[in-house]
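Just below sit the structures, each encoded as structure tokens.
Next, two complexes with chain A in common: one pairs it with chain B, the other with chain C.
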Partner chain A sequence: MDSLAARSRGSRRDQRPLRQRLADASAPYLYSAPALILIVTVMLVPLVLGISYAFRDIQLLNPFSGGFIGLDHFKALSQDENFYRALRNTLWWTGWSVLLQFVFGLILALLLDKPFHGRAIVQALVFLPWAVPSFLAGLNWSWLFNPVVGPLPHWFFALGLMSEPANILSDPQLSMWGPIIANVWWGIPFFAITLLAALQAIPRDLYEAASIDGAGPVQRFISITLPFLAPTIAITVLLRTVWISNFADLIIVMTNGGPADRSQIVASYIFTQAFRRLDFGYASAIALVLLVLLITYSMLIVVLRQWLVSKD
Partner chain B sequence: MASIDIAHVQKSYGIHPVLHGVDLEIKDGEFVVLVGPSGCGKSTLLRMIAGLEAVTEGEIRIAGKRVNDLAPKDRDIAMVFQSYALYPHMSVEKNMSYSLRLRKTAKDKIASVVAGAASKLGLDPLMERRPKALSGGQRQRVAMGRAIVRQPKAFLFDEPLSNLDARLREQMRAEIKKLHQDLGATSIYVTHDQIEAMTLADRIVAMHGGIIQQVGSPLELYDNPANLFVAGFIGSPGMNFFDGRYMVSGENGNFVLTGGVVLPLGSNANLADGSRATLGIRPEHVVLGAEGPNALKATVDLVEPTGFGIIVHLKLGPVAFKAFTLDRRFLGMHGDVAVRLPVPNLHFFNEEGRKV
Partner chain C sequence: MTGKRILSTLAHRLAILAYVAFALFPLYWLLKVSVTPNNLLYSEGIRMWPSQTSFEHFEFVLRHSEFPTFFKNSLIVSGSTAVIVTVLASLAGYAMSRFNFRGKYWIVTLMLLTQMFPLVMLVAPIFKMLSPLGLTNSLTGLVIVYTAFNVPFATFLMQSFFDGIPKDLEEAAMIDGATQFVAFRQIILPLTLPGIAATLGFVFTAAWSELLFSLMLISGNDAATFPVGLLSFVSKFSVDFGQMMAAGVMALIPACLFFLLIQRYLVQGLTAGAVKG
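Let's look at the complex of A and B:
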């Protein structure tokens, strides 16, 4: 009975002319085609091309390169000491940059949340570093750290932090800290802006209710401010982590990964491989590894978030 | 439970004075309602008692102790906010127990007190919910529950019902009153709704422009308003006012309305001959359809049935006024009608607006 009904329904549809049926069936695809074509050409084609480089031998200076070499790049990568160091440096660089940017950004946002005279001007000034191009910021800080033109080494020396006014960017033990400090300076406004916006969205009467309920400033911060900020903190930290671990500008400008690759992170190592050693294939292989790591990290955060939300 | 004394309290923001010297004594267990139009300073006064606003001048004492410089948490008062100010990330139970947890009260004590308050307010089935999963009335109850668990010296209410719809407001009004009868706690309640003020208060404090206009029981304010502001603010529909002049002829006083209509009073009012004055009468005291020697001829403008009674908008010459009647005969009324303003129900206010 069912199949009979289906057939009769089908035959009824068949009564429409062929052209009509074709047009009806293809309409949704035609409507979505412009957007799909755009997405595919703009996003997928470069991605697939880039990934394909990782499995090919592409060296700009070698006209005979370009052949498919399978997993050779990855085999080389697994034995590349510089890559492992860059990976460790990436963790170090990202961890300290995000942590310090967040802590200082939060403190700044809390200070700017209190009304005081001239707050508007201070707010505008505080957000200034964000507007400085990263290359300019990098150059500026590398000069500040340079004992010939910059004051910082002399100040550190005067404070007794250094035995002589040297450039920390050329010290293998400390060179990583130069770009980290520049990055913290440059990135604080991002956290300050977003956290300040979140702070100002907290209803004031909650603080009043809590103070009547008997909460002091610290308890009010813990039981009202933090829970309200938590979603913003989670999303900004996630964003900045991905962003900073990919952010090679400051390192390229300030240390160029040196001395002796001591301040190389994965992103700057990719840049070095691609544009200094001109080995695009190997650079693509490293980039692919970085991509996988960052996707894993993002998925982990998403899962964690889901778990936290479902726990409520 | 405690008394609250407010002595010569002033408040100004910069150079703008908001409260001009407020004196008020609130007895232990009393339910006092501060009522007035928005901007009259009633909320500011309440927030000063709570410690959320600094006192510019004067003194506030709770249970005889000066609290001007105490932080809100050290004043041992509880407050219900207009927005309820419930902690959105805490369950109902956590909201209610927050103040006790901060005071490091023993766990079993907290549980029993919170359970007691919850059952009193009918919140038992909602204890695990977040505020956003509650209706307006339920949130209101949680806010009250949060206030009563602590057994504070006084409850402060800042327009707690204004976010509810009319039906729910009526219901919660009764619940607040019942709760006060149960607990007998000193309560200060701020509202701009004179019905809430009338129904809830032991004493009403009518405020206007940062000055207390009159303090008294609800019926005192209704029957015997101290000035034009209180007379006009308390009561709905509001009192009718007629401007005019008080004239004495022989033994009797007359009130000459601005339009020229003469109202014989039959006795003397406490006014100087020929002085300008305002006559007030509540709409329900205006007698409609009363032929007689003292009857005035008014024109019907509009008839508003409220279901319970009828509000008749009338015109006496150029002056508009209202009458309220329960008699449904007047529903279809139009044209001219004879009205009487019974002398015992008249209020007179002198040029400064004070009752005489």
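Let's look at the complex of A and C:
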């Protein structure tokens, strides 16, 4: 109603009938209402429900469960070795995935920024992994790592990296690397596409001017390309970090968190608790901890950004 | 041309070649195993191409497995999700692009937040909500969930397309007496057709790939989508590599088709929600 009042005040000489003005004022809300209603009922309501589950005993197969149990889940969680390992694994998984995707994505973007014959087709081919559904990417790589049908163990063996052609996905020390490699393969295009777009927005005459002044390629990269890319790099890396730390598909498909929960990240641990053990209460408690961690991380980014802005 | 220049061009082409090989090799292997007959599967394990090829695995998968049902279910779910999301996102994106209204800031914030928080949190509560409504084990339930998950990102995407169309167009139509909604439907929407196609493609691909919620919500074979069917097949018959990979190749086909459709809009799509993979 406030907005209506504000609107009619703003257009005092508005001669249109009230009904017309009312319709105009409500138009944006009518346009966005269906989308909003859906988001609220299918995302916001379950989010609040999920937070309440964290303090309740909710097990799907136990009809007598459902009572409030206070902080019991969190007490259990503080003694859960697997949870701590999942936390460490999340850092490991996110750090390596983002770093490798970014470095290889940046190199690919730089390679594609130079015009050459057949660039369009090459671009379509190297971006193709992004189109592969994540479950299929996971299965595809777990088959490549499988010594029965996949070539990778045999190649590692031939190179002397392995004492026998074994599956790294069933090796407790190495299993985390399987999903990381699959994730790097799958995610390089994302960085390459966004960085390539940023690269192509750099005015070309800057490079010409620099090379007339005698700047070499490395110097041009450091003093022109990097400063221009910096904002894109910062935003994509920071947002991608959140997205990848939540991305459990590849781990669920390739190792299922195994062997013996060695490759579990927090997101896949939540899914395992909810899907395999059907313990919704405990799963929601872990989810709440993950949410708090992610909010803290996002706050840090916001603070960091404001600090950078105020410094300029 | 100096020798140094030739050398750097050569290095550039070799690096490109390495990337292409890395990107395509897994898919190539998938295809290769899917056409290798069973009797050669183990004896010619790591040969680059089998000495004989056959389509027996494809034939088996199409005739004697439930994959055609899974494929059909996935098509229904992804197709309906894409259409519904695009309609809702066109409306909401139009509002975001053309109106300044109270609460807009909060709506945008809400939509951005939905892109950031872990969706896996919602697996349990959504199951609990849908189950008394009879929407677990149903394609309708999946469509509702996927639609909600994809609407925010698609709204930003559609908004970016509307932003590219000058406002004068509908203002001219409205001076001629059309209401804004008529102007939107008859003038603006037709101009955004490529954007609409891109949004359809993005949402279809996202819904086609979704795994965790379909695993949780679907248990029977009748309503299983492709990912669920393929994963249960893998855990049940884990030795039929040829058939699994033939099924994998089939799952890849729609994704690749839609990828071609949206190729031109990749940048816009990836930066619209700024976080959507």
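As a working rule, the second predicted complex is superposed on the first by the 269 of 312 C-alpha atoms of A that agree within 3 Å, B and C clash if a C-alpha of one lies under 4 Å from a C-alpha of the other, contacts with A are read in each partner's own complex, and residues count from 1 in each chain.
The rule we apply is simple: a residue touches a chain if its C-beta (ideal position, glycine included) is under 8 Å from a C-beta of that chain, and two chains touch if they have at least 3 such contacts.
On a predicted model such as this, the values are computed, not experimentally measured, just so you know.
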- Message: Please determine, from the superposition on chain A, whether chain B and chain C clash or fit.
- Response: fit
- Touch check for A:81: first (chain B), second (chain C), both, or neither? neither
- Message: Just checking: does A:164 make contact with chain B only, chain C only, both, or neither of them? Give me first, second, both or neither.
- Response: neither
- Once the structures are superposed on A, label A:133 by its partner contacts, choosing first (chain B), second (chain C), both or neither. second
- Message: Looking at A:216, would you say it contacts chain B, chain C, both, or neither? Reply first, second, both or neither.
- Response: first
- Go through the superposed model and pick first if A:283 touches only chain B, second if only chain C, both, or neither. second
- Query: Should A:271 be classified as contacting the first partner (chain B), the second (chain C), both, or neither?
  - Reply: second
- On chain A, which partner's contacts cover more residues, chain B's or chain C's? C
- Looking at the overlay, does A:143 come into contact with chain B only (first), chain C only (second), both, or neither? second
- So after superposition, what is the minimum Cα distance from chain B to chain C, given in Å? 9
- Touching chain C in the complex, chain A uses residues 2-3, 6, 24, 27-29, 31-32, 34-36, 38-39, 41-47, 49-50, 53, 58, 60, 107-108, 111-112, 114, 116, 122, 124-137, 139-141, 143-144, 148-151, 154-155, 185, 187-190, 193-194, 196-197, 235-236, 239-240, 242-243, 246-249, 252-253, 267, 270-271, 274-275, 280, 283-284, 287-288, 290-291, 294, 298
- Would you tell me which residues of chain B are touching chain A in their complex? 50-52, 71-73, 77-79, 81, 83, 85-87, 89, 98-99, 102-103, 130, 146, 150
- Item | chain C - residues contacting chain A, complex | 12-13, 15-16, 19-20, 22-24, 26-27, 29-30, 33, 41-42, 45-46, 88-89, 91-92, 94-96, 98-99, 101-104, 107, 110-111, 114, 116-129, 144-145, 147-149, 151-152, 155, 180-181, 205, 208-209, 211-212, 215-216, 227, 230-231, 234, 241, 244-245, 248, 251-252, 255-256, 258-260, 263, 266-267, 270-271, 274-275, 277
- Could you please specify the touching residues of chain A with respect to chain B in the complex? 203, 205-206, 208-216, 219, 223-224, 227-228, 312
